[in-house]
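We just call them A, B, C and D in the order they show up, numbering each chain from 1.
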Amino acid sequence: MPNTIGRLLTLTSFGESHGAALGGVVDGYPAGIRIDKDFIASEMARRRPGSTSLGTKRSESDSVEILSGVYNGISTGMPIGFIIRNTSQRSSDYSSIEHCFRPGHADYTYTMKYGIRDPRGGGRSSGRETACRVFAGALSKLMLAEHGIRVDAGVTMLGGIEAADYEWDPPFPPPLYAPRCSALEAMMKAAEDAMRDGDSVGGIIECRAQGVPAGLGDPAFGKLDAALAAAIVSIGAVKGIEFGAGFRSASMRGSENNDGMRTENGRAVFLSNNAGGILGGISNGNDIVFRAAVKPTPSIAKEQMTITDGMEDTRISVHGRHDPTIAPRAVSVIEAMTALTIADAMLMKRAYER
Amino acid sequence: MPNTIGRLLTLTSFGESHGAALGGVVDGYPAGIRIDKDFIASEMARRRPGSTSLGTKRSESDSVEILSGVYNGISTGMPIGFIIRNTSQRSSDYSSIEHCFRPGHADYTYTMKYGIRDPRGGGRSSGRETACRVFAGALSKLMLAEHGIRVDAGVTMLGGIEAADYEWDPPFPPPLYAPRCSALEAMMKAAEDAMRDGDSVGGIIECRAQGVPAGLGDPAFGKLDAALAAAIVSIGAVKGIEFGAGFRSASMRGSENNDGMRTENGRAVFLSNNAGGILGGISNGNDIVFRAAVKPTPSIAKEQMTITDGMEDTRISVHGRHDPTIAPRAVSVIEAMTALTIADAMLMKRAYER
Amino acid sequence: MPNTIGRLLTLTSFGESHGAALGGVVDGYPAGIRIDKDFIASEMARRRPGSTSLGTKRSESDSVEILSGVYNGISTGMPIGFIIRNTSQRSSDYSSIEHCFRPGHADYTYTMKYGIRDPRGGGRSSGRETACRVFAGALSKLMLAEHGIRVDAGVTMLGGIEAADYEWDPPFPPPLYAPRCSALEAMMKAAEDAMRDGDSVGGIIECRAQGVPAGLGDPAFGKLDAALAAAIVSIGAVKGIEFGAGFRSASMRGSENNDGMRTENGRAVFLSNNAGGILGGISNGNDIVFRAAVKPTPSIAKEQMTITDGMEDTRISVHGRHDPTIAPRAVSVIEAMTALTIADAMLMKRAYER
Amino acid sequence: MPNTIGRLLTLTSFGESHGAALGGVVDGYPAGIRIDKDFIASEMARRRPGSTSLGTKRSESDSVEILSGVYNGISTGMPIGFIIRNTSQRSSDYSSIEHCFRPGHADYTYTMKYGIRDPRGGGRSSGRETACRVFAGALSKLMLAEHGIRVDAGVTMLGGIEAADYEWDPPFPPPLYAPRCSALEAMMKAAEDAMRDGDSVGGIIECRAQGVPAGLGDPAFGKLDAALAAAIVSIGAVKGIEFGAGFRSASMRGSENNDGMRTENGRAVFLSNNAGGILGGISNGNDIVFRAAVKPTPSIAKEQMTITDGMEDTRISVHGRHDPTIAPRAVSVIEAMTALTIADAMLMKRAYER
């Protein structure tokens, strides 16, 4: 089931960029949780087009209509159906590229796979699909909050400029959703320069889940980091993920990379967190920490070489409402997928407890 | 199902490091494929302890007994059951650490999760589990070979030393399973130095799948890169994965990162492969390329701080048969998981073709 | 995932009887199929309240809004999201029974399981949920029609009166959706008598799938009849299912029950169909035939003994818009679940073909 | 995954009648349960060929080797791998029918589906596969016993003779595994008469699960009765299943079929059990009761018409070691599938509890 993620807590989503609506079903959501609609709206707002001054000018309200599974403001344990109407469908924007494969997009691969594609704004492969993820993530966060777990992410590199000397004091403010630090201005400038050039920049997002108890995740193929990797890499623009010391650990020695342990007031503590909070696929009680690489927005005004669906060489300049960088808006999506994955792992853990 | 991976072609595995046997079931393997036992044995040999001069001295023969699903040397479409007997079970080696959590291992997390653990050699969380993956990968490669697809991996960084100026001419030779290049000696020395110090090193493995047709993978959560990420990160020692330009793409501009297209003899070609062969989660006909970070072997002779399961501080020095680096042996495992994932995606694609 | 059925072609549904809307997602529907909206509407109409003169007076239009997955009238291979608005929500009808467990309903079990329940019209456990099934079934029928497969069902027993001496010449007409036969009047009278008495009757529905090729279904737990059994018994009112000779075969001898074979114009034919078209869980090319037992409508005006959620004895008389028999309306639901299951099996078969 | 059943507690099985071994993996089995090997052996013995005087003369010891997941006699939460060696492989018995489709068997459908089949004793479609089910069922019973749940089944009709005036006082004795009653002799005679005639008889098995708490099962497609129907119909010889009043309820009025409720010592009690312990797909605290129809053994000495795989008409008389009835041996299999399904539902329930 390509459009479903999760095992016990699942999101099944549907919807194209310029169709009537996006939406989906969150199944396995426990009964008895208060559904805070303001919180959901605030989460949706962080992902919404136009949420950053860098963002696309497309202004979708992204208001979610919950259709089932909630009674008197409380979850009932039934599947939560929801839709998000597309209110700003300017298909004409896209008619010029209907027969052309935009570089960096899924236009070519969808055509090769399905023979048919909805060309309006990228159809299903559009980033607009992530609105459903943020909704499911908001529900997951409400569930996790009951257990003292919080999930935050921030942009720690943008356009080659790394955030430096920062503290982890989320939530991080728009427009960059980056930790407060001296590099913020340079990061902003990198994005604005790209925008001015009709180009775009990528970035790196760090995510931390705090308060996660030891014992989430499963052996072998059910490892928590494997599930997180799938969830995060399933976000269109993500090209890599690393946990804890990640790629850096490949250059470390074992004695340096292993996280030693000590007891403190009768509790186990780790002397470092190179593992990123996960050992053998199971959470160890430390913060879960990972970083994801977000590629530069593929839609750029700058002219690029491509081909038509009639197999003719051509050049393309993608105009319209595009972000010079997706990274700031991806912050909420990465938090959402992380929250969903951890909430799912919590249900799995409970199932097997005696 | 924690111990199962795949959708249409699945591996369900079982077994602990020092139990009677490892094994599993490969389900969904198509009927009519010739099962080349010599090929399977050669794949197993690459992963086997002692396959590199750097490796553990534990000598498991790792011979696979196929119990079903093959008749007269041909697959029948029925589930393929298999076992790999553990012939070298020196449990006494591990008795000294039964009540102690080895840093970098899953000892602590398994204990926290299950209340009980098989302490012999790491039990289920031991790397020995990957033998089953290599078997399933060998079957997958036999299936992919019928379609002209091959999967190869090689160590491209070891102990901080990068392979340089190499060509991709697999298969790569033991003991390092790295591309032939001028840095080989330095890579070897890095591992040997660590061994001499009672320590270990990590590395980076690059994997390429060649001959993959466009159209494998699915939208949203069924993306081919998401499936690969889960498959690769589910390997115990892997701490990160990146596709194509990966983390480097986060510092690139869109105009640089996008892979332009041209037609060549009536076929679509890409002018670069920063995408790593996957666009919008679906293969584009280019080589699929990714890199995985392998952490240094956690079992080291060097003394480390840890605690006992009675919550007392202690120090530990892990002796026994350990590799100073896991990376060379992980090459076959990464190939296996990649082959399994791609073969599964091929079956998925066929299902929906008219 | 409780609210999802199928493996490659799946329906995930949501919605309560008196919530804002029902709906769901059909995932895995192949690209390139013409979506005939008139056909879908006609299928919905057969299940709709008020479709039989025996039916509830509740008049839902049951019009389906397709939100995604269809472009220019053709399926795109993307998930098909849909909603069916509840237009006739007279919750006040149900207020009197909010704290009372209606006999034969899920009121008690939902309360025991979830601690909370949506009391309006049975909430999620209402038969209204089957509207989503009929929509998915209509899509499935469109897909099956391309392969010359049709699925029909009819009421062959109602209120103890068996349809006699009939031919299988579907589609069967309202209000009974039974094969044309001499017993029709008596069947109708049985239902009307029950209605007059404030009571209800059950019935038996026979279903046949014609044109199904040999080879659908899988070994062991993937048997086609097992999948059909799950699909049909998951319909709320169904209390039993039997294939081919079914329970009668338990009284037969092997020589009588086995379907002998002969060749006819070079093709294999069976001399009988006691197997109901399935051998070893795989279709044999014969018609697939089964019968399902539908219990009498539990909502009756007649007074019954029950208890309150405060654990007090009471009596209840369920008034409102109820059918004296569900069987005629269940015909379309049984066809839908059968079509969905067979279409799913077709995709599975294709996946493994070389 | 055709050869896997269950959601949180799963059995994945493999093996052909005359291959090297059958076996599989039980995944999701909770940690900390004492694995009583004597109990497992006694369960295996009830299904074993030769367990009844009516049975086949093939004498398999059916001893199970547990390969993982158990340490010091206690389950560890890891997957439990197991094999059952085939010790009595007289393939020569079957050579005469290698190119002939035995009526009532899967020979024809497997050939049509896979193009290839293992002809030795029916290969994968042989009833021998059920040995793995009984093993998984035995583990499930050990788990259920901790919660005061027991599952029993008995033959209540054989060869057309119904067990009469019996009490439900399991376990029921061999050779018939039927409740003690006055009809036992006539049931036995019906089977012996068929055996003498080179023929076979079918039967009906009733199964009851006692001590099941209210709240097991899920809405919509996750109904407990739907899961049981799939599990039971997946047993090769089963042609039908009915819950509670089952097909009889189709002839009842609602006022008669509904189970009224009363309180007794502050607890809810039902005044009857026509629902078979399940309402809206969720257990109601009553005994879960169903009946399954078992067809007569298809392998009979009596000559039958059939065709060859070269599409020629022929006649066949199946000799060898066959039971005149499968029903008594199916009793243990039906119990096993029921126990597995209920244990799985218990884990699901726990997952969602707060």
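Criterion: contacts are C-beta pairs under 8 Å (C-beta built on N, C-alpha and C of every residue); 3 or more make two chains touch, one makes a residue touch a chain.
Keep in mind that what you see is a predicted model, and the values were worked out from it rather than measured.
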Query raised in the report: Hey, which pair has more contacts between C-betas, B-D or C-D?
Result: C-D
Query raised in the report: Given the pairs C-D, A-C or B-C, which one repeats the contacts seen at A-B for over half of the pairs?
Result: C-D
Query raised in the report: If you average the Cα atoms of chain A and of chain D to get two centres, how far apart are those centres in Å?
Result: 46
Report task. Mind checking the centre-to-centre distance between chain B and chain D? Centres are C-alpha means, answer in whole Å. Result -> 39
Report task. Find the geometric centre of each of chain C and chain D from their Cα atoms only, then give the gap between the two centres in Å, rounded to an integer. Result -> 26
Report task. Could you list the positions in chain C whose residues touch two or more of the other chains? Result -> 1-4, 13, 28, 31-32, 77-79, 113, 124, 219-220
Report summary line: The residues of chain C that touch chain B in their complex are 8, 28, 30-32, 77-79, 219-220, 347-348, 350-354
Report task. Please name which positions on chain D make contact with chain B in the complex. Result -> 1-4, 10, 12-16, 19-25, 27-28, 31-32, 65-69, 71, 74, 76-81, 83, 113-118, 123-124
Report summary line: Residue positions on chain D within touch of chain C in the complex are 1-5, 11, 13, 101, 103-106, 108-110, 112-113, 124-125, 129, 157, 159-160, 194, 197, 199-204, 214-215, 217-223, 225-234, 236, 239-247, 249-263, 266-268, 271, 275-276, 278-285, 293-300, 302, 304-307, 311-313, 349
